[in-house]
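Next come two complexes built around subunit A: one with subunit B, the other with subunit C.
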Partner chain A sequence: MNFSLFLTELWNARMNLLAGLGDTVLISVASVLLGTFLGVFVGLAMTYGNKPTRFGVRLYIDFLRGTPVFVLILACFYILSVVGLDLSAFQAGVLALTMFCSSHVGEIVRGALKAIPAGQTEAAKSIGLTFGQTFAYVLLPQALRQILPTWVNTATEIVKASTLLSIIGVVELLLATQQVISRTYLSLEFYLFVGFVYFILNFLIEQAGRAVERRISIP
Partner chain B sequence: MSPILTITDLHKSFGDLEVLKGIDMTMQKGDVVSLIGSSGSGKTTLLRCVNLLEDFERGSIELDGEAIGYRHEGSERRRLSERHIARQRAMTGMAFQQFNLFPHMTAIRNVMLGLTKTKKMAKDEAYAIAEKWLERVGMIERRDHFPGQLSGGQQQRVAIARAIAMNPRIMLFDEVTSALDPELVKEVLAVVRDLADDGMTMLLVTHEMRFARDVSSKVVFMHHGRIHEEGPPEQIFGAPETDRLRGFLANSEM
Partner chain C sequence: MTFLKTIAVAALMTATAGSAIAQEASKLQQVLDRGYLILGTGSTNPPWHFIDSDNKLKGFDVDMGRLVAKALFGDPDKIEYVQQSGDARIPNLVTDKVDLACQFMTVTAERAQQIEFTIPYYREGVGLLQMEGGEYADYEALKAAGSDVTVAVLQNVYAEEMVHAALPEAEVDQYDSVDLMYQALNSGRADAAATDQSALRWFMVKNPGRYHDAGYGWNPQSYSCGVKPGDQRWLNFVNTVLHEGMTGVEFPFYADSFKTWFGTELSVPQIGFPVEYK
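Right after this comes the complex of A and B.
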């Protein structure tokens, strides 16, 4: 391993790698935010929807969770263009990861809402709160606390899954790194390096999650 | 004086099981009525119907002259809107067996929630009222504690303050001491008694026979979804008329 050569090449490739890292972060943040937003509604529909709604949403969740993310990404990229929806590789990838994330978040939101005792809703009703108020002030704050650790885990899964977007040509961190490798042939060094960067990203997410968890924990 | 609560021919079923088979009852302002009876007699269901936590198929409940839960259009009976029902629920206060405090809020925030959200009060006004009631139930020093930091008896006292701060026409108590350790029962009963002495209209489901005898203006013995015997406590406990009530009292601790 030629360390000084690696450092020189790393410095030369810094703009490309940073751009890749930027895309990875952008893809992950967008997918997690959109997926969580969608997932909360999926969870709500699973909990409070009527039978046909629950059936439809259950189908959505099971289909997404039973399909490899990789297949999902390819499907979004290739199939949607056939039916006339022309998405860029970036957009198709974010769409796939958003759907994947929403199915996970939907499931954990459903579980968290179900775990709240019925007495909480009854107590809220008995002081005259409407359903919307009950949800906003009583159920959601309790559900969010319960969801947080699993949700952070989902976020790190999304960061890792974002590497799959390299297959459809999105130059995120992994593909940017591979492009550098194909020019420099320093595969061992750069793969080690990029692995370490992913580790740092997820480590930071987990630490942030723990910090928030500590802050909002109920005595 | 017109009654605060009028229940007429109330019927309620869970599926095929009829739990209330025609209940008639009236309460005047300041009345303290205890519902007693073995489990499955329908007393808790009756209480939950008054708070509209259960719907009912037949009969009516009037609170301060207002029919609650349903309206009649000709021969059709319709459930009122969610918003309307929410407003009517706030006319009654309910204390639960399991306290049901909101675990993510401090004691005082638990009491304030209904005031700020249902009654749309300003924060400082709600805070002052919440303080007043926490003081009344002896919990003012623990106002910033979370439910998880309080004993069962303390939680129940906060829960009672939360209900009564809404200024309900009638307070409903659903076995409020059943989930408590024996040494904590007394402090909660003292709060309930204090409210009764103050002229609060109360309907309570209880297994504490001695307490029911001391505090009630009327005792109602329920059996199999019907009112089996009712009367002043001296009569119910001193001279029960039916075998069933005698049998029930013989099996209850006094």
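Right after this comes the complex of A and C.
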């Protein structure tokens, strides 16, 4: 390993790598936030929806979870443009990851809600709470404790899946790194480096998740 | 039933009308109206398309796109690059994500059924890279030495077969990456490295005086740009631009690019009788 050459090249390429990192963070944050938002509704529909709704949402979840993210990304980019919805590579990528994330979050939310005894919902109803109130004050606070650890897992999955967007031409962190490698031939050094950066990203997510967990845990 | 039929017929008519309009308005006019060219190319393969240390996309493929942009707008920089992977070349053309793809695309009959190729702008082949002042002078010496010669090559299912097509008795050592392959040559583990002529030339440009080409090329393949099929006007335009780059008014642009990436000075096309028919 040629350490000083690596540092020189790393310094040379810093702007491109930072831009790549920015894209990776933006893609991940957007997909996880949108995916979580959508996923909560998916979970609610799975738990409280009528039979046809549950069937439709079940199809949605199973289809998305049973398809490689790679295929989802290609489908969002190419198939949608054939239909006439012309998304940019970035938008198509975020859409694919959002849908993937929502199917996972949906399952997590459903599981968490199912774990709460039905008696609580009945009790809430009997003291006259609306469904919205029941959800916000009774169910969600308890479900959140169940959801968080697995949600952190999903979020880190999304960060890692964002590397697949390079196939449709989004210059995220991994592609930006590969561009540097193709010029410098320092493959080992740069792959190690970028692996470390992804680790830091996911470590931060995990720590953030832990912090929230501590706040909402029963003292 | 009649209602459904009406809808179907209406849909069909709209579709046909739509395609008729699309045929009238060539991609050429679209691109001119837009004011810039959308070029699909890669970003991880020097000297074809790569991000240089000044953070700009460069290379021979990129220059071919710049030649087309220059012909369209008088300005080679009026390009929006789509940095696509090799797998995305054909899908991005067919779904109109890019106007033109120049990404070291080997012309094959299978691909020609899906897209339309322009005239070729480079002929790729395999060559042998040797150390300057090494034990064997050139290809003839390597061939005469028979099984005493070791050739380094990038790992590939057909690697052995490929080397043996030129040097039937040579030992073949396969390596995982390009840098390891060159390392083998530098350290004397291998007497020659077999790789694409373009990669070999580029390596010689980057390391002047250290290496030389053994002087034999085989496995020819044509590199062409690709366009979406069915737009003859646009295809003709790009063909004309590439053709005049290689033989006409834009020859200095093409030759300059060729010199930069492959280190070879091209001779000026013969004046008088057109070179195409000689």
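Assume the second predicted complex is superposed on the first by the 218 of 219 C-alpha atoms of A that agree within 3 Å, B and C clash if a C-alpha of one lies under 4 Å from a C-alpha of the other, contacts with A are read in each partner's own complex, and residues count from 1 in each chain.
Simple rule for what comes next: a residue touches a chain if its C-beta (ideal position, glycine included) is under 8 Å from a C-beta of that chain, and two chains touch if they have at least 3 such contacts.
As the structure is a computational prediction, the values presented were derived from the model and not from experiment.
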Which partner does A:Q207 reach: the first (subunit B), the second (subunit C), both, or neither?
neither
Going by the contact rule set out at the top, does A:T130 touch subunit B (first), subunit C (second), both, or neither?
first
Partner chain(s) touched by A:S81 [first = subunit B, second = subunit C, both, neither]
second
With both complexes overlaid on chain A, does A:T53 touch subunit B (first), subunit C (second), both or neither?
neither
Just to be sure I read the superposition right, which of the two partners does A:N2 touch: subunit B = first, subunit C = second, or both, or neither?
neither
Once the two structures are superposed, pull the subunit A residues common to the subunit B and subunit C interfaces.
none
Contact set on subunit A toward subunit B in their complex
117, 119-120, 122-131, 133, 137-138, 141-142, 145, 218-219
So in the complex, the part of subunit C that touches subunit A is made up of which residues?
43-46, 50-53, 55, 82-85, 87-88, 91-92, 95-97, 177-179
What does subunit A use to touch subunit C in their complex?
12-13, 15-16, 74, 77-78, 81-82, 89, 166-169, 171, 175, 178-183, 185, 187
Residue ranges of subunit B touching subunit A (in the complex, touch as defined)
51-53, 82-83, 86-87, 89-90, 92-94, 96, 98, 100-104, 113-114, 117-119, 145-146, 148-149, 159, 162-163, 166
